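Right, one structure below, let's go through it.
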C-alpha cells in the first residue's frame, strides 16, 4: 500500500472533482472506509472513503479546490502498514483486562467442621411431613444416620433402644411406648421448666351439664380477651413472650392409649355456632379413639382445657406444657348444697382449676382470668 | 512462603503460563517445548513469547503442521527421558492427536510395568466466548477425563495457572493442561516467579459458604463467582469450589463441602451429557447422599454443537441460569 | 565403506508449468482457450472482484462487523481458475481461501460474510453444492476423496477437487487422502495452495521435500507444479487434470506456487515473523498485475475499464454488506434444530430451556 491516496474516478471517467468539505484534518487517525471528504463532480456529490487505516499526514487541497482524477488527494503517515496492537491471537478476540485481582483460592483440605444431619432424602421428607426436627432425633441407621423408623419413633414416642430389666422386678416389666412414653417425656420436660401455680374456685351454673364443654370454651375465649396474659407462649431460654390474638384451644381427650390433645384453631371464631362447635368436638373425640389426627391438628395450642373430672376429682393442678403458660381444668360436677340469698338450696356447681406458669403470668393476671371465667360460666 | 517485590506487576493467565514454562526451561534441562508457531511467533496466544530467544531452537521448537505427530513424538521423546511440553493451538485441533494420547501416552507406563513412561504436558486453549471461527471454541475435557492413565488440569486464575503448570511439568505422567481462553487476559494477579508448584489432585476453595456448594472450573468460574456475590446480597451463603484437577478428582474436598451445605450446583461449559459434572454428581450421590437436602443440580452447555459466535453467549451457562438452579435447590428446604 | 552395486528402480521428475511471466509477457505459446479474449477478461475480472471482496471483508472485521477472517490476497489466480475449470456438478472441498471459486460457483457474498460473521447459515450455500469451509487442517482432503469415490462408484463423469495449504501437507489426513486416491484411481484433483507460509512457519521449516508436488509420487499419482500466480497456467493444468479424471485415468496432484500477501487471518500480524521486504518483492509477481498487463497489451483492458469494474464490484459488495447486516439473527432454537434428522426428546427439553433463557445472558457481541 502506498502512503499517498490518489483521487479515484468517482464515476464513469470524470476528469476531476471539487473538494466540497473535508471530514478529516492533518493528524487525525482514520479507519478503513471512514469518509475523508465530500467531493462534487459534474454529476453528483460523492463521499470518498479512506482505503486504509492510518494517520493523516497531508491534505492536498482546501475546501473549494479542484483535484484531478488520479492525482494525490491525501497522504498517510508512516510506512504503508497499519499500526495494530498485538491482539495476541490468530483467531477470535480476547478481552484484555488490566484489573489487578487478589487470588482468593485456597487449596481445599477435604475436611469440614459442621455437617448436615445424616439421613436420606426420603426420610427428610417424612420428617418435614411430621414436623419433626431432625436435629433432635438420634439416628440408629448405618453411619449413624436417622432412619424413617427413628423419625416415626420420635414422633410417636417409640424406640428401638435396648430393653433393660431392673434386677428386682416382680411384676411384668414392659418398656413404655407410644402415648405413654410421650407423656413421660413431655411431663418431665414441663416439670423441669415450668413454675406452676394453681388457683381453684367453684361456679354455680345455670346451663345443662351436657353443654359444659362448649360453655367452657366460650368462657375461656372470654377470659382470654379479658386477660390476654394467659393466652401466650413463653420461651424461657430466650426470655420472650408472645401474646396471641387467636385462641388455639388444646382439648385434652383421653383415649385407650393415653392422653391426646388435639387443637381447635382460632376457636374464638367458632363459638358463635354452638352446633358446629359441638360437631367439631365430637369429631375430635372420635379421632382420638383411632388416633388418626394429622400432625398439624396436634400442634400450636395457645391454651389448654382439661375436662378431667369425668369419673372423680374436684380440683387438680393440671400440668402446663410449654410454650403455653396456662391450662384450665374442670373437675367432677354434681348437684351440691349451696347457700343462695341466705337460703340453702341444691345447685349444679362446676369446680374450676387454673394452673399457670408463674415465670410468665402474675398472680393478679391469673386471678383476673379466673374471675372472668367464672363470670361467663355463671350466666 | 512467597516473596513479592516492590517492582512486581500483575500478570495475566497466559503470562503466568509463559512464566511457568520459562522457570522449568531454566531449571530442568530435559524440558522442551514443541508446537506450531511457538518459536518466532511466540505462539498464537503468545504463550511462548520470548522463549525461543531465551532458550534457543533446541528447547523451543516450531514443528510442521501435524497434531498426531506432536503427540506421537512426545511419546518417543519422553521415553528417552525428555519432558516435552506440547502446544496444540486450539482444543478443536487436538482430535488428530487423540489416537496417540489414548493409545500410547496414557498407556506406556502400564504397558511396560513402569519401565517406560510419559512425563508429557499437552497444553491447549479450551472453551469459547472470544468470537472465534468454527472449531475454535471447544470444551471436550471429558473425553480425556474418561481415559485411565491421564491427568486433566484446568487452571482458573493466573496464580493457579503458574502453580499447576509447574506441577504438571514435574509430574511423571501425561497431563492434558487446558487453558480457558476467555480468561487468558481478563484479569491480572501478582504471581511471584518462585517455582513453587500447587498440588495436583486438589480442589481450590474460592469462597467459603454455608448454604450451597457451587462447583465449577475454567471460564465458568466467572459466572459462578458472580452468582455467589449476587446470592450473598440475597442472604444466601454460597461456597465456591474450583475443581482445577478434573482428573484425578479431589472428591473428598467436594464431599466435605456438600456435607457442610447440603446442597450443590455444578457448573460447566461443556455439553451436559457425560460432562465431568455427571461424574461429580454420581460420586456425591454415592458418598454424600445422606447430607443432601436437595437434588444435585447441573448447569451446563446444551447437548448441541458449539454454535458460531453469534449464539455463543446463549450457550455458555449464564449467571441467571446458575441463580435459578440454586433457588431451585433451596426450595427443597 | 564402499558403496554396493545397485540399480535404479524408480525415478521421478516434477514438471513446472508457466505461461505468463510476472511482467505479463508469455514465456511460451498460450493454450488454445487463451484465444478467447473474453474468457481471459473474465478471469481477470473475477480476480479483481475477489481482491476487492477480500479487502472489504478485512474492513468489516476492522470495523467490528465480521469476526476473524482469512484473507486470500495474492492467491486469487488459484481460486478463480478452480471456479472457472470446475463444472457445476463437480464438488469442491476447500479450506478457507477459495472465495474466488465460491463466488463463481454460486455462493453469495453475504453467505461468506455470514460464516465469518458467526452465523451458521453462511454454509447453507443456497446455490452451490460444494462443501463448506473446512477449518481443521487437511481434513477436507479425505472428504474430497470420499466424494470422488462416490462419483466413481456410480460411474458419474463428475470430479471432486480438494485443496490444502503448504502447511496442511504435513498433516496425516493429506497423506491418507492422496494414498487412497492414487490406490483407487479416484477422480480427484488434489491441489496445494503453496503460499509459502503456515501462519508463522515458512515452507523450509515445514518440510525437507524439494517440491510439495512430489509428495504425490509416493501416492502413485501424476503430480506437477504450476505458477500459482499465472491464472492461465493454473486453468490450463486444471482443464487437463479434470479431463483426465473424467476419462477414468485417476487423480492429479497440483502444487500451485504463490505467496500469502496478507496476514494468516485478521487476528494475525505477519510483521512479527516475516520480512516486509520479502512481501514487497512478492507483490511484483502477484496474479492481478501480470494478467492486467497482458490484457492491456492485447488492448483488452484499460484504466477506464479497471475503474468501472472496480466500481461495479464495490457497489455489488456494498449491496451484499447491506443485505448481510440486515439479516435477522438466528433464534436461539437454531442451536438445536439441526443436530439430528429426528429430534430426540432430550434435545427437545433443552431447546425449551434455552428458549426460556433466550436473551438473558450478558453478551459482549
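Order of writing sets the labels: A, B and C. Residues in every chain begin at 1.
By definition in this document, contacts are C-beta pairs under 8 Å (C-beta built on N, C-alpha and C of every residue); 3 or more make two chains touch, one makes a residue touch a chain.
The shown structure was predicted, so the numbers you read here are calculated from the model rather than taken from an experiment.
Engineer: Per-chain C-alpha centres versus the global one: which chain is nearest?
Structural biologist: Nearest to the common C-alpha centre lies chain B.
Engineer: Weigh A-C against A-B on C-beta contact pairs and write down the one with more.
Structural biologist: The greater number of contacts lies at A-B.
Engineer: For chain B and chain C, let me know how many angstrom lie between their CA-based centres, rounded off.
Structural biologist: Taking the average C-alpha coordinate of chain B and of chain C, the gap between them is 36 Å.
Engineer: Nearest whole angstrom, what separates the Cα centre of chain A from the Cα centre of chain C?
Structural biologist: 66
Engineer: Approximately how many whole Å separate the CA-defined centres of chain A and chain B?
Structural biologist: About 40 Å separates the centre of chain A from that of chain B.
Engineer: Where in chain C do residues touch two or more other chains at once?
Structural biologist: 67-68, 199, 268, 272, 364
Engineer: Please list all residues of chain B that touch 2 or more other chains.
Structural biologist: 37, 44, 131-133, 136, 309
Engineer: Two-or-more-chain contact residues of chain A, please, as numbers and ranges.
Structural biologist: Residues 86, 89-93, 95.
Engineer: Considering only the defined contacts, which chain C positions touch chain A in the complex?
Structural biologist: The touching residues are 58-59, 62-63, 67-68, 199, 264-265, 267-269, 271-272, 276, 304, 307-308, 310-311, 364.
Engineer: Within their complex, state which residues of chain B touch chain A.
Structural biologist: 10, 12, 14, 37, 44-46, 89-90, 130-133, 136, 156-160, 181-182, 184-190, 198-199, 202-207, 210, 241-242, 250, 252-253, 255-257, 259-262, 289-293, 309, 333
Engineer: Please output the residues of chain C touching chain B within their complex, sorted ascending.
Structural biologist: The contact residues of chain C facing chain B are 67-68, 115-120, 133, 135-137, 167-168, 170-173, 198-201, 205-207, 268, 272-273, 329-330, 332, 334-336, 339, 346-347, 350, 353-354, 357-358, 360-365.
Engineer: If we count contacts the way the header does, which residues on chain A are in touch with chain B in the complex?
Structural biologist: It comes out as residues 86, 88-116, 118-121, 124, 128, 143, 145.
Engineer: If you look only at chain B, which of its residues touch chain C in the complex?
Structural biologist: 36-37, 39-42, 44, 62, 64-69, 92-93, 95-96, 131-136, 272-273, 302-305, 307-316, 318-321
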